[in-house]
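Sharing a structure, written as structure tokens. Questions coming.
In order of appearance the chains are A, B and C, and numbering begins at 1 in each one.
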Amino acid sequence: MFFWIVQRDLLLAVRRRSDVLTTLFFFIIVVSLFPLSVGPEMNMLRTMAPGVVWVAALLASMLSLGRLFASDYLDGTLEQMLLSPHSLPFLVLGKALAHWLVSGVPLVMMAPVLGIQYDLPLDALFVLTLSLMLGTPVLSLIGAIGAGLTLGLRGSGVLVSLLVLPLYIPVLIFGAGAVEANMAGVEFDAHLSLLGAFLLVSIVFAPWAAAASLRVSME
Amino acid sequence: MAINWYKYASPASFYTLAGKMVPFFAIIAFGLLIAGLYIGFFVAPTDFQQGEAYRIIFIHVPAAWMSMFLYVVMAFWAGIGLAFNTRLSSMMATAIAPTGALFTFLALWTGSLWGKPMWGTWWVWDARLTSELILLFLYIGFMSLQAAIDDPRRADKAGAIIALVGVINIPIIYFSVQWWNTLHQGASVSVTQAPTMAATMLTGMMVMVFASWMYSIAVILKRVRVIILERESHTTWVAELREKGAL
Amino acid sequence: MFQGTNLACVRGDRKLFESISFKLEAGGLMQVNGPNGSGKTSLLRILCGLSSPGMGIISWNDVAIGTLGSEYFRELTYIGHLSGTKDDLTALENLRISSALAGQKISDKQAQDALTYMGLRGRESLPAKVLSQGQRRRVALARLLVCKTKLWILDEPLAALDVSAVKLMQALLEQHLKQEGMVIMTTHQDIDVTAASTIQLQLA
């Protein structure tokens, strides 16, 4: 069933390709705004790059959270998921995986290109991509809780950011930290291990909390 | 005399009980506040390193402690409300949030006031101050979520989930910020690390901590009473109160 | 046996209904009647286990549905106001996916047959967004043909259906009831379904 739901969400994303592209372009535009606002001085841009790319990834992934449950909520599919004999946390995990494949992976693949804009050295580009690879699924998983809680509320888009962004902070710190450590010539394994640990913990707990929040919101 | 605790789990009887308790705690809070401020500002000696500016700890430290403690208490009541479907526990959680946010804000404000003479700047990205700021965000998230939901039952449960997720995350966030702070070599001097703490300083601070406690209890009970009235406005016991002119 | 005891529902300050009790045996039909806003949909959602009643107990074969959990969902098919059809999926995909979600994997052939029965032959591979309201409803109802559940809870199943589709539904319901199934439904249209036992539940 897990793969069914992933497959279904991917199929829906393929039928609505423009949604995927808007998130990606949002990411690109936000990252490109910074040199315009602080000036094209390469040394400064290089030190800023990990932070800027990571914050932009946070915002882009948060922006796409609205799509996670909203359309299923509006057409009644979510009701059917709640009444499914399959385990709801598993379904949520499937949806979060699909959400990451559709909105997270394009960001990961685009990140090296944007890093070049900021004149990052080759190995820093590699660490940046790796850290995003480990970190962005955590964003989708934690975001699922926020998306579930704000389902069908007025102004849910802004509300979800208030709920979710503070919870994203550890991922941001260690994600950007890994790249900075690499650029400073320090070991970055610890950062990546911690990101991996966050990923494991959120795979275990977040679907469960998100399932609970969906049940609360659908009452 | 055995107290029947279950009786007070019902909003109607808790309303009366809380009404009797509020003045009691309020008076104690006021007395302790006067005593604590007197000790803090007149009795406690001047610190030989930090001069008079250190006296802000009499407000800053209790506020910072309360801010963190109240979040845990809030999550506890919210969790009880979610697990056992007890309405009163959820109302307690809702009532605690504004007081917790207030103390968090107070801790940030006094921390910033203290920073000016010590570091020469109003804001330093010190690990404690940063964590306190994130805590304020968590409180604001909880309150905005509850405010956005019309159905009180859904608001209670949704708030409980975000409070519990928050309480699990607080240690992780705190640890991350610590790590981040040491990496970036930020200012690591902290308000609580006054090198020599005179006995009177400690006394003053503890009195202020108790004053904050009593104040929190009084205000939270008062707020719970308001929430109970609002939610139970359609019931007969509220109507009876109204007829008796007690409202 | 499906049983509700002393059910009540409160929305905000307002009591929608209280002390509702019923006992539905195998082969039984329960029609829930009442004007708009009397809580018909709320009652059906409570019976499904989507929301919890303000008071009272719902039991399936003498076990509370809350403790049964997914065991209960395995016996239940609910079709609500929102039919759960995805605009971007074809009728065939919709049926196959919604059945799989309900724990009943079906082959292309089975789905094809069900859609044909519901009068959608030739429209199987059209995306649902180009179908009319009534046709989308038929896609949703086609799930009843392929599911093997005992208890059907249907919220206004006949809304937007034309005369021929109503006839199809009537036959489908009667067949289900004959095979010891149970049906709980709301409807504003007149429909004459013969059942071993029929309960009329009136909400104020």
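Methods note: a contact is a pair of C-beta atoms (placed from the backbone, for glycine too) under 8 Å apart; a residue touches a chain by one contact, two chains touch by 3 or more.
All figures in this text were calculated on a predicted structure; none of them were measured in a lab.
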Q. If you average the C-alpha positions per chain, which one ends up nearest the average over all of them?
A. A
Q | More contacts between chains, A-B or B-C | A | A-B
Q: Select the chain at the greatest separation from chain A, using centres from the mean of Cα atoms.
A: C
Q: Compute the distance, rounded to whole Å, between the mean C-alpha positions of chain A and chain C.
A: 37
Q | Intercentroid distance (Cα basis), chain C paired with chain B, Å | A | 49
Q.
What's the distance between the Cα centroids of chain A and chain B, rounded to whole Å?
A. 32
Q: Pull out every residue in chain A that's touching 2 or more other chains.
A: 219
Q) Residue numbers in chain B touching 2 or more other chains? A) 151
Q.
Residue numbers of chain A touching chain C in their complex, please.
A. 1, 4-5, 8, 11-12, 15-16, 71, 74-77, 79-87, 218-219
Q: Please give the residue numbers of chain B that touch chain C in the complex, ascending.
A: 150-151, 233-234
Q: Flag every residue of chain C that touches chain B in the complex, lowest number first.
A: 11-13
Q: Would you tell me which residues of chain B are touching chain A in their complex?
A: 134, 137-138, 140-141, 144-145, 148-149, 151, 153-154, 157-158, 161-162, 164-166, 168-169, 172-173, 175-177, 179-180, 183
Q: Using the touch definition up top, name the residues of chain A that touch chain B in the complex.
A: 145-146, 149-150, 153-156, 159, 162-163, 165-167, 169-170, 173-174, 177, 180-181, 198, 205, 209, 212-213, 216-217, 219
